[in-house]
């Protein structure tokens, strides 16, 4: 661990960290999250998953679009060129599990893009179910794995 | 509870629900969430909370700005005129608790705006701590209370 | 017909027309357009219209979101509070017909929002079919009807 | 032609296609479209084309800016670094012909950026003439030519 | 004068001030600024002010569009419904004087929207002249007058 | 000096200049500006610079975010990948001096990004002080230095 936060300078001021000297390399990040609701609501989401049912598709599309908006939302993120994004939704029991995978060839990692895709897909599910379950909860938004860059591969430890 | 999702029509197609007939009324929504990290990282965030320390301020500002971007992010949300937004951060122990309060005088509620403020403040904290704690988790993003509109006041049930 | 364009002043300079004096009233606009491609491609779009097939949903969602972005795209459009948006897609033969309906209670009409929804839904279809039909064409993007405001109802004349 | 749409996976879910493995190369795309209105309106647009007349300039600028917004509008488009954009408008008879040329050095083509520039320039013209010709139509939005990338040059076939 | 800044609370945290209790009233704000460059450059801008010369039009359009983007740029500004925007440019001697007038019927004033229009029109002029005069300066961006709201009319004092 | 503006073609039409043929190189730009207000207001800004005081942090964050939005605001700017942004604020006497430093490795310079960061940080300060000093002025928004690219280093001449 470093001795301080990289996103603030010695005097405490926020900054976008200078990555000019880093090499562009292929990088991937996977993030996940889960919307906890009721079995009844998950059934509605799946039923809408039938022909022309757009509920899950809307959340997938929102997540993909949000990955691209990350630098507009997270103040100190670098704008980078994403080369691939997928958002998978698994609706089972009383929850919808969200997995986003983001790829780039650039100077910084894409874990924030993956986390943003998960969070906004989750918010979109929140929006669609809120009339029937205002108490739904978006939980466990976190990075599972990232590859590429000088740091190489990082995998989430079992105990966190 | 209705018999289906309001955001998809009988044929399953996504839509922005028609609220033309609803009256503009004063509405408030409160949402919360929590970033779970380590006590060491929380100490860094607080130290940066000293004079000129921008870490928490950056997350607060990001949350407020994100509330305004909600209709750009959540596909079926109505664009509405927010009349007040606050984002409070409480950094203690190994976590940062996030509370967003959003107000409007409009035809629909602002729970999505409050949830979006919480989620993006949380993502911004994620971004700032990720170099020292890549395993941080954004948890429990949920509505606590909403007032106004035909439905009146809703408070989160204890058991959810 | 007036004697000049409302969007430029006497000296020719572009401006956002002052509507401060107009009353907010309920208004609706319907616009349509058509993506012309091949029967084979329409078959692919429909097949993807089967369970979990997101092709048409993606275009619907893109159209709805674009309606909200209209003032960001069309320089002299007023930012207004949309109260409802639907985008319908009918894929038949060698084409997809797009219909957008937009509602508001505001000081100006929403035909530009309806046209923008149609255009961006059409561009999204273009994007999805371009690998199999780069020669697809978006045609006939036009207003069909608008209601509300001082001008009342306008319906497209048969001969245009 | 492939056997399916590239933008949806085997299960039908929308995705941003992974182009990480593709080489950045210089690419160009040209798209066109036409706003059909009346000779009288075209005369007004041209008159406003006199000194300080901003009507056509506003549409040109809107088209150029829209090319840059393409990934915000078209859900599955990659964000890419545009290296040049021009939008030409030819107002003659009862129509305005729109031509957009977009260049990049990146991993994917720029036909969507060129089509978006044409569509938004067309919508902006729609906006400026709608008070005098609500029946105007944006027609024939299509790709004329693209160069670069593995596929090389594609020119629109005469019969489409 | 109050005893502190309205945009931070008693504890110093940034917030979007709650205006829910204020009445919507018609409001106007006028802001100005000036780009100082050389007589030679002003001549170029004016020459480009001839038929089809888009230099000044581009700055006008950029200013109008920026007024609409104010809440996306200035973190604690309320999103409000603008009912009219004009941007005037007067190119004379070695400078271009910029004047923006913004109108609304809403709960807060529009001086930030007028200032933003001036600043972005000025930045756009900067951009257009920077190849020939990299030393140009945007000066004196300030509010001249505002009307409406509880405070009534404010006019800039002569000595500031 | 060239014989005309690079951003308009021979016929006067606005365009995004083609930089496809230029090499990506490391580039830096530094821009400055100053908000002139009163000593009393500067004291308030600094007092809010105490623990948890977000006033200056809000302006810093707004400036950094605005640098990333430059191509959305300035019509003919290329979208480029920023690799570092800092915004420094020095509040002394009756003014706040703003300095923005922007870095990239791309085909065009970043002086517009640095100027935009300064202007929006200044607008944000304007917003925060306007209730106590509506007569504040943003002055002297200008480029101080730029490095990189074919032109090499440019430093502002003493007499401008």
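Should a chain be cited, it is by its letter among A, B, C, D, E and F, assigned in written order, with residues numbered from 1 in that chain.
As a working rule, contacts are C-beta pairs under 8 Å (C-beta built on N, C-alpha and C of every residue); 3 or more make two chains touch, one makes a residue touch a chain.
Everything numeric in this text was worked out from a predicted model, so none of it was measured.
Under the contact definition stated at the top, the chains bordering both chain D and chain E are C, F.
Among the pairs A-C and A-D, the greater number of C-beta contacts is found at A-D.
Taking the mean of C-alpha positions as each chain's centre, the chain lying farthest from the centre of chain D is B. Residue numbering shows that chain E and chain F use the same positions for more than half of their mutual interface. For the pair chain C and chain F, the CA-based superposition corresponds to a rotation of 180 degrees in steps of 5. One simple way to say how far apart two chains are is to compare their mean CA positions; for chain C and chain E this gives 31 Å.
Per-chain Cα centroids separate chain A from chain B by 16 Å.
Work out the mean CA point of chain B and of chain D, and you get 36 Å between them.
Shown for chain B are the residues in touch with two or more other chains, namely 13-14, 50-54, 57-58, 60-62, 65, 69, 72, 75-76, 81.
Screening every pair of chains for touch gives A-B, A-C, A-D, A-F, B-C, B-E, B-F, C-D, C-E, D-E, D-F, E-F. Those residues of chain B lying in contact with chain E across their complex are 26, 57, 60-61, 64-65, 67-69, 81-88, 103-105.
Of all residues in chain C, only 49-54, 56-58, 60-62, 65 touch chain A in the complex they form.
For chain D in complex with chain C, the residues that touch the partner chain are 1-2, 4-8, 11-14, 33, 40, 44-45, 47-48, 50-55, 57-58, 61-62, 65-66, 69, 72-77, 111-112, 115-116, 119-120, 122-124, 126-143, 146, 154, 156-157, 160. Residues 9, 13-20, 71-72, 75-76, 78-81, 106-107 of chain D are the ones that touch chain A when the two sit in their complex.
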